[in-house]
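First the structure, in the form of structure tokens, and then the observations on it.
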Amino acid sequence: MVKALNLALLQEMERDPDVLILGEDVGVDGGVFRVTDDLQRKFGSQRVIDSPLAEAAIIGTAVGMALYGLKPVCEIQFSGFAFQCFHQIENHAARYRMRSQGRFHCQMVIRMPYGGGVRALEHHTESEEQFYAHVPGLKMVIPSGPRTARALLTSAIRDPDPVIFFESKALYHAAKEEIPEESESFPIGRAQVVREGRDLTLVAYGAMLRVAREAADVLQAEDGVETDVVDLLTIAPLDRETIVTSVGKTGRAVVIHEAPKSFGPGAEIAASIMEGTFLHLEAPVRRVTAHDVSFVGFAREKANVPDVARVVAAARETLAF
Amino acid sequence: MPRLILEPRFHVEYLSILDSEGNLDASLEPKLPPGDLKALYRAMVLGRRLDERMVRLQRQGRIGTFAPIKGQEASQMGSVFALRPTDWMVPSFRETAAMIWRGWPIEKILLFFAGYVEGGQPAPDQHDLPITIPVGTQLPHAVGLAYAAQYRGDDAVVMAYFGDGATSEGDFHEALNFAGVWHVPVVFICQNNQWAISVPLKKQTHSKTIAQKALAYGLPGIQVDGNDVLAVYVAAREAVERAHAGEGPTLIECVTYRLGVHTTADDPTKYRAQEEVAAWEQKDPLTRFRAHLEKKDLLEDGVEQRVDEEIAEAVRRFEATPPADPLAVFDHVYAEMPPHLRAQREDLARWLREGAAPGPAATPTPPGATPMRGQRLTRR
Amino acid sequence: MVKALNLALLQEMERDPDVLILGEDVGVDGGVFRVTDDLQRKFGSQRVIDSPLAEAAIIGTAVGMALYGLKPVCEIQFSGFAFQCFHQIENHAARYRMRSQGRFHCQMVIRMPYGGGVRALEHHTESEEQFYAHVPGLKMVIPSGPRTARALLTSAIRDPDPVIFFESKALYHAAKEEIPEESESFPIGRAQVVREGRDLTLVAYGAMLRVAREAADVLQAEDGVETDVVDLLTIAPLDRETIVTSVGKTGRAVVIHEAPKSFGPGAEIAASIMEGTFLHLEAPVRRVTAHDVSFVGFAREKANVPDVARVVAAARETLAF
Amino acid sequence: MPRLILEPRFHVEYLSILDSEGNLDASLEPKLPPGDLKALYRAMVLGRRLDERMVRLQRQGRIGTFAPIKGQEASQMGSVFALRPTDWMVPSFRETAAMIWRGWPIEKILLFFAGYVEGGQPAPDQHDLPITIPVGTQLPHAVGLAYAAQYRGDDAVVMAYFGDGATSEGDFHEALNFAGVWHVPVVFICQNNQWAISVPLKKQTHSKTIAQKALAYGLPGIQVDGNDVLAVYVAAREAVERAHAGEGPTLIECVTYRLGVHTTADDPTKYRAQEEVAAWEQKDPLTRFRAHLEKKDLLEDGVEQRVDEEIAEAVRRFEATPPADPLAVFDHVYAEMPPHLRAQREDLARWLREGAAPGPAATPTPPGATPMRGQRLTRR
């Protein structure tokens, strides 16, 4: 997935001189995950900027650049360090269009690695999408593999609104996929049904999509259950239509995410399903998520994050309801 | 080798040209044409009179909480006067005089403080950011604008305003540090008015001056008499010229004083002595500059009346503003309205249209209506 | 309500010398809303500290004080400025107990005025409870009037965990209520059923409680509908038991809050109701909330925030479902 | 009046006692008893050897990402040595040597980097905060601790560590500003190792030194040769004594160098020249101090072996740690477990107990098991 993201950045920078990159270690080092590798050599240090170590100023200066008409793509080194700039995101990036009644807007992307699975330290494994999803004016995108990553990063860069773009660390190297040479984009705000079935809907995104797909395989093989798998791709604005259409058909849903359960994204998805298709619901929407605990350490991470077995078990309970 | 003193050593300059006794250092006096001096004076008077009018409007419940500038007219006008229209101005929330100079219509400012989002919209050709409420957060925006101008090869300088209290915020620090590393054309104007609401400067920072904070970023910093419009102008002009010449950012500390309330929700008698205010009233920037112009025989008759008429006109236009259309709240959330907002908008429209027990939701208060004693209700 | 809060602070400070107050303008000025009025005169400027203007350092130094064993009560002047310190809250206040495996913890309260209704500027009218409710390790409390405010602030100060304490600006002066002289506390994590009925459940908190109660009056008077009104008081940890018991009885629920709808607190409440009492639900849980828009300006605020008429209309639709 | 230079003027001192050529300024040499000198040396050797061992453990997949201290032993040990046990130590994430000196068992440090939350638990009587990962965020905690000590009337000083990169963060600024205003007993130790991952100091700030940043807060700031353990000690001791005496905070910049990788996930050949590293290797703090002790005839035989044995013992204890009990994740979220966590805990317990297709969820990797090439997987 790292290469796919790098390709999207490269092609958008070639296409549009207003696109620039800003963040800690994004230049000479090419980013600690190498997503921006080689871009500074190609585009110069004025366009791929190794910033000082200050997240609020990275976002704050990017807001200024965007107000001027540039299209900064910021990297926050890990999503766990983005609360340092949350005020700049919520107070300004998300609001400048409203505040200036359209005179200004912030066409900017804020990329950050999120999630667990790489035996990392505190603040390097969390899944904070909910905090952005709840902020009006932001878009919140999480691709599930190389191809969607490349297509959605392209769309995010072209999107006139600020986009928070989460990249799963677990997928950076694990996920492999052919991607076309030619630039490809995918509409933000649209979910994808990546597997069709009539018995149950699984809703997932990011690294959890793989878990959902494998659970669907198990359910098919062991229980003969046919599953719709919805890859959200955009968390906010949420594509309620696709979700509700699916659950309207299947009558049962399990939502999966790495974020803690309470007041998490699964709650909105469940509530939206209830609002959208109450009379077709055969069972309560189940949430398979991380527990409501703080940092657990990677020695215990696997017990905390959803896996195939837990999803299968939840699906079976939902089917048996 | 031991206990070496590192070079360079540091110092901070202080600039004053026309002091509160009316003494003028002619050798430093900027050579401003009479028209400019008159324009400066008029803008300062406008700031002062509008202030008074807005406080009254607030007391009548016709606008909401508002932050007066009384006492800070020289700091604002002396600095903003050094900008070209193609330069950028980044205000905090207390730069009414400077904003009007930059082309903001008075009625927009009134609309802003009457709770209309329309009041935050700069004209398409105006190089100004709207008011920023969260203290200090606008400073990285200024640095980003300056970076962008430099990146595009535009010859534009950015002037950013903030208070003494703002220097305590992390955003101030990060912005000045980025500006130093990036060597961008920004002029940071600190209006050190001695107070951040009830907190005096000595509880705000242990540094003796704000200007010396520039040393932390390897930037030039200068302290000026902020009630001396000539000194502020000279320091600002120099900084703006240096910035245009590619010589990077400057921090200017204008030593001034907030003569009035912090905002219309504030009661300064709780925290500061009347004697302190009285002492600063002796240093009033308007009186001083007026006497200077008088000496130069540049004082025109009727400035005050003409300014008052301009304000009255603007208040009339403001009061003629139609009631705010509630549906407009959906317009500028995103470039394109996403489905969930379209749905919410339709719901609200139906609700408003069908009039079914709409209650207060559907009848937003037009400005001027239901006057209330704003002060207590707004902040207490 | 201002006096009630002031009384809780006064009594707890008299009771426990480790309790101190920290924030912008909390001392000489007594707070911009006068909640800490006169406390600096009584307890001195070392115990009621007028801090420099920096939210992250207010919370960060309070974390340090709490690690030492003090019990700081911080004031953030408006909830709209708390994102400046969100990293200190999420990274540290919420996690120190886990990180140090119980060796340290942060017994601290973070008070902030929230919500609209006072004709105020941008960042002075928002309702950000969701951001705190989703953080494990934090407690999130919102009283609905003088008596609950006093009792819950007392509990919050005594609570060994960090408590985010939201105070409705609309209630500061509007709400009047007799409160007992003697110190009174109310358990955090417990909701209150403040009106009983069998037809419908209204769930609300903070300034919206009054709206819920008045809507219940209207429903009773005009429709003969009997309503359970649940005053949440604690948002997180959510008292699911009380909510679910009520809806298990009534079969119908409307949730009301000032925060934007999507990914908001109402979603968790709705999802928890579905999980807890799916088979007793007669209608989808309705959410009456602010719209998913950024700052609207006070000229348009009333069209954005729930009011009695909108709640009544939503209740009728729920009852007719 | 005009263009006055404000008093006081400022400067920053530089302190060096034992330079890299082995020259000693005897007039500045601290009068440390031989036992102290030996203890200092041993602690520095321990830091160095443990580093090497931990890098190997990481490469074998037995611990996760880890930040080595090689080259910074003098900065850490010279400073922490000036503390009493009742003083407080606030680390960032690169103070292994100083942490061990303060009483952290080596196996706890290993546990920490093996992903066990147990590794972050200080002993009940230890006045130390655990490692803080987010850069700079620990600095306000240090100020708060110092305030609390002062409030309680305890005679305790707080020493807080951070890097050159950390000085760009807003939290650094706010912490130093609060410390200045509150006049609390904190010693800020900046280990300026020239790099923040791939970002060199000159891209981090435009100020010539870190020490001069103290001027922004009205604090004393001093730059010391951070590879000279004697100079670091003298500066730290002075600052600690001033703090104990109620004379407030100090900023100490230790000029040093990170000889190794930023963390085990880092590849420094991408961003810095081998010659630069080689030049700094000539200034190795260990070599220099060793030669000094040799001259004083204080070098004991077998220090390295004894240190290695201590490390080997600790590694053995670490590897004997039982697998992490997943249910412990619920224990320290709140003082009392709320109902929803009790329910989640019961769910997980049932899941683990009933073994129903538990999959990887129920079988957390014990340390030492499933060795993997940590580097790529951990950060790339």
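Should a chain be cited, it is by its letter among A, B, C and D, assigned in written order, with residues numbered from 1 in that chain.
Just so it is clear, contacts are C-beta pairs under 8 Å (C-beta built on N, C-alpha and C of every residue); 3 or more make two chains touch, one makes a residue touch a chain.
Values in this document were obtained by computation on a predicted structure and should not be read as measured data.
Among the remaining chains, the Cα-based centre furthest from that of chain A is the centre of B.
Mean C-alpha position of chain A lies 34 Å from that of chain D.
Inter-chain centre distance (chain C to chain D, centres taken as mean C-alpha positions): 39 Å.
For the pair chain A and chain C, the distance between mean C-alpha positions equals 30 Å. The set of chain D residues that touch two or more partner chains comprises 117, 134, 168-171, 174, 177, 181, 203-205, 332-333, 340-341. Within chain C, residues 51-52, 54, 56-57, 80-81, 84, 87, 91, 97-99, 122-123, 136-137, 237-238, 262, 292-295 each touch two or more of the remaining chains. If touching chains are joined by edges, the resulting network of the protein chains shown connects every chain directly with every other. Residue ranges on chain D touching chain B, taken from their complex, read 1-6, 8-17, 19, 23, 25, 27-28, 168-174, 177, 180-181, 183, 203-209, 211-213, 215-219, 223. Those residues of chain D that touch chain C in the shared complex are 117-118, 120-124, 129-130, 132, 134, 137, 139-149, 151-152, 170-171, 174-175, 177-178, 181, 331-335, 338-341. Within the complex, the chain C residues that touch chain A are 80-81, 83-84, 86-87, 90-91, 94-95, 97-99, 122-123, 130-131, 133-134, 136-137, 236-238, 259-260, 262-268, 270-272, 274-275, 278, 281, 283-287, 292-295. Looking at the complex, you find that chain A touches chain B at residues 20, 46-47, 51-52, 54, 56-57, 59-70, 87-88, 91-92, 97-105, 136-137, 139, 159-161, 189, 237-238, 240-241. Residues 64-65, 93, 113-117, 119, 133-136, 165-166, 168-171, 196-199, 203-205, 265-266, 270-271, 323-324, 326, 328-330, 332-333, 340-341, 344, 348, 351-352, 356-367, 372, 374, 376-380 of chain B are the ones that touch chain C when the two sit in their complex.
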